[in-house]
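Take a look at the structures below.
Both complexes shown next keep subunit A, but they swap its partner, so subunit B is in the first and subunit C is in the second.
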Partner chain A sequence: MLGQLITSGIAIGATYALMALAMVIIYKTSEVLNFAQGDMAMLSAFVAYMCLSTYGLGFAMSFTLALAFAFALGAFLEFAFLRRAKEPNVLGLIIITLGLEMMLYGLASWRWGSDQKDFPFPVSDFDVYQLGGDVVISQLNLVTLGVACALMILLFVFFRYTKVGVAMKATQQNQQAARLMGIRVGRIMMLTWGMSSVVGACAAFLIASTDTLDPNLMWTPQLKGFSAAVLGGMTSLVGAVLGGFILGVVENLFGGYVSVEFKAVVAFAVIVLILCVKPSGLFAKHYVRKV
Partner chain B sequence: MLQVKNIETLYGLVMALRGVSLELPENKITAILGSNGAGKSTLCKTIMGMLDDQPDKGTIWLDETRIDKKDTEDIVNLGLAYVPEGREVFEELTVLENLQMGAYTRKTSQAKDDLKRVYELFPRLKERQKQLAGHLSGGEQQMLAIGRALMMRPRIMLLDEPSLGLSPLLVKEIFGTIQRVNAEYGTTMLLVEQNAAMALKNCHYGYVMENGRFVLAGTPEELMADEDVREFYLGIRSEVSVKGYQRYKRKKRWR
Partner chain C sequence: MDMKRDYYEDIRLLDSGPQVFWLAVLLAALAAFPLVADSYQIYTVNLIAIHVIVALGLNLLVGYTGQISLGHAGFFAIGAYATLALMLNAHLPFIVALPLAGFISAAFGFLLGLPALRLEGPYLAIATLGFGLTITQILGRLDVFGGHMGLQAPPLELFGLKVTSDAGRYAVIMPICVIMTWGLRNLTKTRVGRAFVAVRDSDIAAECIGVNLTYYKTLAFAVSAFFTGIGGGLMAFVLGFISPHTFNVMVSIMFLAMVVVGGLGSILGSVMGAVLITWLQLELARIGELPLVGPVLTELSNQVFTLSGLPNVQYVVFGLIMVLIIIFEPLGLYGFWIRTKIYWRTWPF
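Our next item is the complex of A and B:
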């Protein structure tokens, strides 16, 4: 029982980890919490669904198109709304993202309706592998785990070794100075939003395939992703992923041993607890300014 | 070269620059002296396009191109580099990453030579290239800020108070490097300084700024001979009483 709870916890945690990654990418460059993250991802999942069911395209084609859409959507929202903010402060920008969230939600409900749809996916949740003992893991869970880890490694390499990745970090630390280096801050922001949106869309595809697709799809995962990001320290990619896994496991153990009904509360209890005990998060390597 | 024509810059309703004109001679170091709040940094920031919708009046030209109203990024691409006051290095990036950011607009292969060049000028940075910039000492951060600007291989460098908060020995070292860069690479420089003695020793031409205007200009020799500069900027008193205090307060002639 314990082994199984932990295994499925890790599997669920992988989707939280992806959502947390998406949030952390934007937070890292602009210190803005993007509350539209979930609904951007939901909309991308709907685009994938439309390609698959309405136009009957193949999986590879549909997902590629939907990811391209996700990138364009993220970049567009940054360009069209956040950049227009006059003398923005962080709180104002966060409120803008809340507004975007509602807009996207409305858009999806209007276009596709709020009834639940079956999201076709090439990997099944019902083919399971034995992991020794009576612990099983489904194919879908394995894919989710793989995608989360692959994206994390990709992003880590991107931020550490590429010029654009380093420029993103530089932009977050000191926008003025970044401009003075000739870094086009606007483009960097667009790119950030695009990337984050793609990561979120990956999460949405995986979540939609276990669940059904409707405009409320990403509401809970987004909040879980948010608490995972807080748990990991908001700025650390590795922290976000580990935070996602920890949250998934803790939640599952709570559901298994204490109460399934109150399972949803765990994520929020975690936020409160972390903010009380260690507000900088478990894994954040926060640079300490010398006085 | 860079030409500033009669610019006025406003901070809200406060006029920080009241009609400043300036021309940088090529391959030379030009210094601007002035006390706090004279408008020296504002001038630099206006040139770099860092203040929105400024200059309010006047124009700035680089050769035949008009550069006021352009974005900072574009101005940087035209070959202007600005070493901001208070260094402003990327504290959470390593020294090497900071330098790479300086070469952001350039090809990686070209940047390699420049990196060597910067390390040769500042051997200390090479020793610390893996450290976070925020963990460097003030002097090293200033070196990093200058090195980072050099990575752009600028035609014109604006240096805003490179001596701020450094020990006299380090100030000497930094100015030595500035001289060397100017001599070896022919970089045109605009040096903004409060440390008048040091600036006058290291420039080819100087301006004195007060209340958003240039009040005096000349070669360093001329400026050093000027009574007002001697008294108010270099602290050399012209008349001291026997008891050791000044007998009367000198008025500045340019007011």
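Our next item is the complex of A and C:
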């Protein structure tokens, strides 16, 4: 019982971790809390669905096209809307992303209606592996876990060792100084949004394959991803992934031992409690602002 | 022209003669409105008045005190459920239950204000968002509140008179709306209101000049929750039926949209934002029937999109409005108003 709860908690946590990673990438560079994240990913999943079922393309082709679309969408949104804001403050940026979220949601549910669709996926949720004892894990969960860990390591390496990654970090620390050092800040931002959108799209494919595809698909995962990112501290990649896993496990344990009914709520209770103790999350340094 | 010469001029509620005149005209128009309008129009204005109350409360928190909240649907729900529960279970009359529900909501606002003392920016947004979701989840599970089935509003009775028509509800809601607007205007002119603004501009600097942060931040949350709770209590009677789904996250976002579109930190802005967004909400829900735009969109739906999804166009429009307002006029409708006024005053220069 305990082992199974923890295992499936980690598996669910992996999707939260992916969403949290997507959030953190954007927050790391531009300090924008992106509420459109989930719906950007949802739209990409719909594009993949369209390629698969309407045009009958293969899995590899469809997913590549959808990821390319995700990258273009992210870059476009940054270029067309975020960059146009005059002297934006935190609230203004949050409102812009909320507005984008509503636009994307409206477009998707206008185009595809609100009926639920089956999202085909090469890996099944029903083939399971024994992990010793009576603990099982499905193929799909393993893939999700693998994708989350791989992306985390990839991003970590990217931010630490590549020139573009370092430029992104520099942009976050001080935009003006970064610009003076010859970094094209606008281009870096576009790139960041594109990357984040791709990571989010990966999460959406994996979530859509366990669930059915409809315009509300990513709302809950996005909130959980937010919570995971906040738990981890918003700026730390490792923190975001660990936050996702912690959240998944805590949620599952609570559902298993205390009450299934309030399972959806426990994440937020955990967040509020942890933020009371550590206002910047578990894995981030708390900077005290100067006046 | 606008120079203030002493303190009493600064704290005066109405600045000039024309303002008094136009206020009197507005009040007279509001009083005469139910005599000339039909039932649906009165219903619309009832909704607008409730949203004005909520937008004022939220603006006090977001615009005046600078604390973001994505969870005001939670307070809205608390107000609505508390009013109905007090009337149905404790058999209190409406006139007692409504303020009591407001104070219950304010107590929750105080509680939410406590963690908010240490949080800012994205962290506060998440915490308040979580609060709003949690409240509706919990309300949906409690049998006292009807669970997922929701609650039916009891007949509204005031001073022995039964209120059944839209006009009757208008007579209850509009005076409350006017009084609360007046109260908020008063509040922003006092020490408390100025303390809120000081906290918004720089909380550390405010603390240095003797503003007690703990007190004023939690107070802002409590007052804001009180306004929203009262709005929720009235909403229960306008809708006649409430369930947890009435208070989803979209409602919180719409409240925030009203405040931002109208103009942060401005009472007139809150009113304009609430009027515009509520009206658009009602109109866009049946966008296919609108003249000019309707047939075009219907045709477009048949060609590219789906006809069943057509009402979702309203989200696209709202999203676009929110984004464009922030990009082009961060002060919202209030900013437009100010600029138009200055344009005419200084014309032809």
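In the analysis below, the second predicted complex is superposed on the first by the 284 of 291 C-alpha atoms of A that agree within 3 Å, B and C clash if a C-alpha of one lies under 4 Å from a C-alpha of the other, contacts with A are read in each partner's own complex, and residues count from 1 in each chain.
Keep in mind that, in the parts below, a contact is a pair of C-beta atoms (placed from the backbone, for glycine too) under 8 Å apart; a residue touches a chain by one contact, two chains touch by 3 or more.
Since we're looking at a predicted model, the values are computed, not measured.
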Can A:Phe76 be said to touch subunit B (first), subunit C (second), both, or neither?
-> neither
Report for A:Val230: first if it touches subunit B alone, second if subunit C alone, otherwise both or neither.
-> second
Identify the partner contact of A:Phe59: answer first if only subunit B is touched, second if only subunit C is, both if each is, neither if none is.
-> neither
Once the shared chain is lined up, is A:Ala177 touching subunit B (first), subunit C (second), both, or neither of them?
-> first
Touched partner set for A:Val265, first subunit B, second subunit C, both or neither = second
Considering only touches as defined above, state whether A:Phe159 meets subunit B (first), subunit C (second), both or neither.
-> neither
Hey, is it subunit B or subunit C that touches more of subunit A?
-> C
Both partners, subunit B and subunit C, contact subunit A at residues 289
Could you pull out which subunit A residues touch subunit B in their complex?
-> 163, 166-167, 169-170, 173-174, 176-185, 287, 289-290
Note: in the complex, subunit A contacts subunit C through residues 27, 33, 81, 84-88, 90-92, 94-96, 98-107, 109-114, 219, 223, 226-227, 230, 234, 261-262, 264-265, 267-269, 271-272, 275-276, 279-281, 289, 291
Across the complex, what residues on subunit B touch subunit A?
-> 48, 50, 71-73, 76-77, 81-82, 84, 88-93, 97, 100-102, 104-105, 108, 132, 134-135, 148, 152
Of all residues in subunit C, those that touch subunit A in their complex = 62, 68, 115, 118-119, 121-123, 125-127, 129-131, 133-134, 137-138, 141, 202, 204-205, 249, 253, 256-257, 260, 264, 301, 304-306, 308-310, 312-323, 326-327, 330
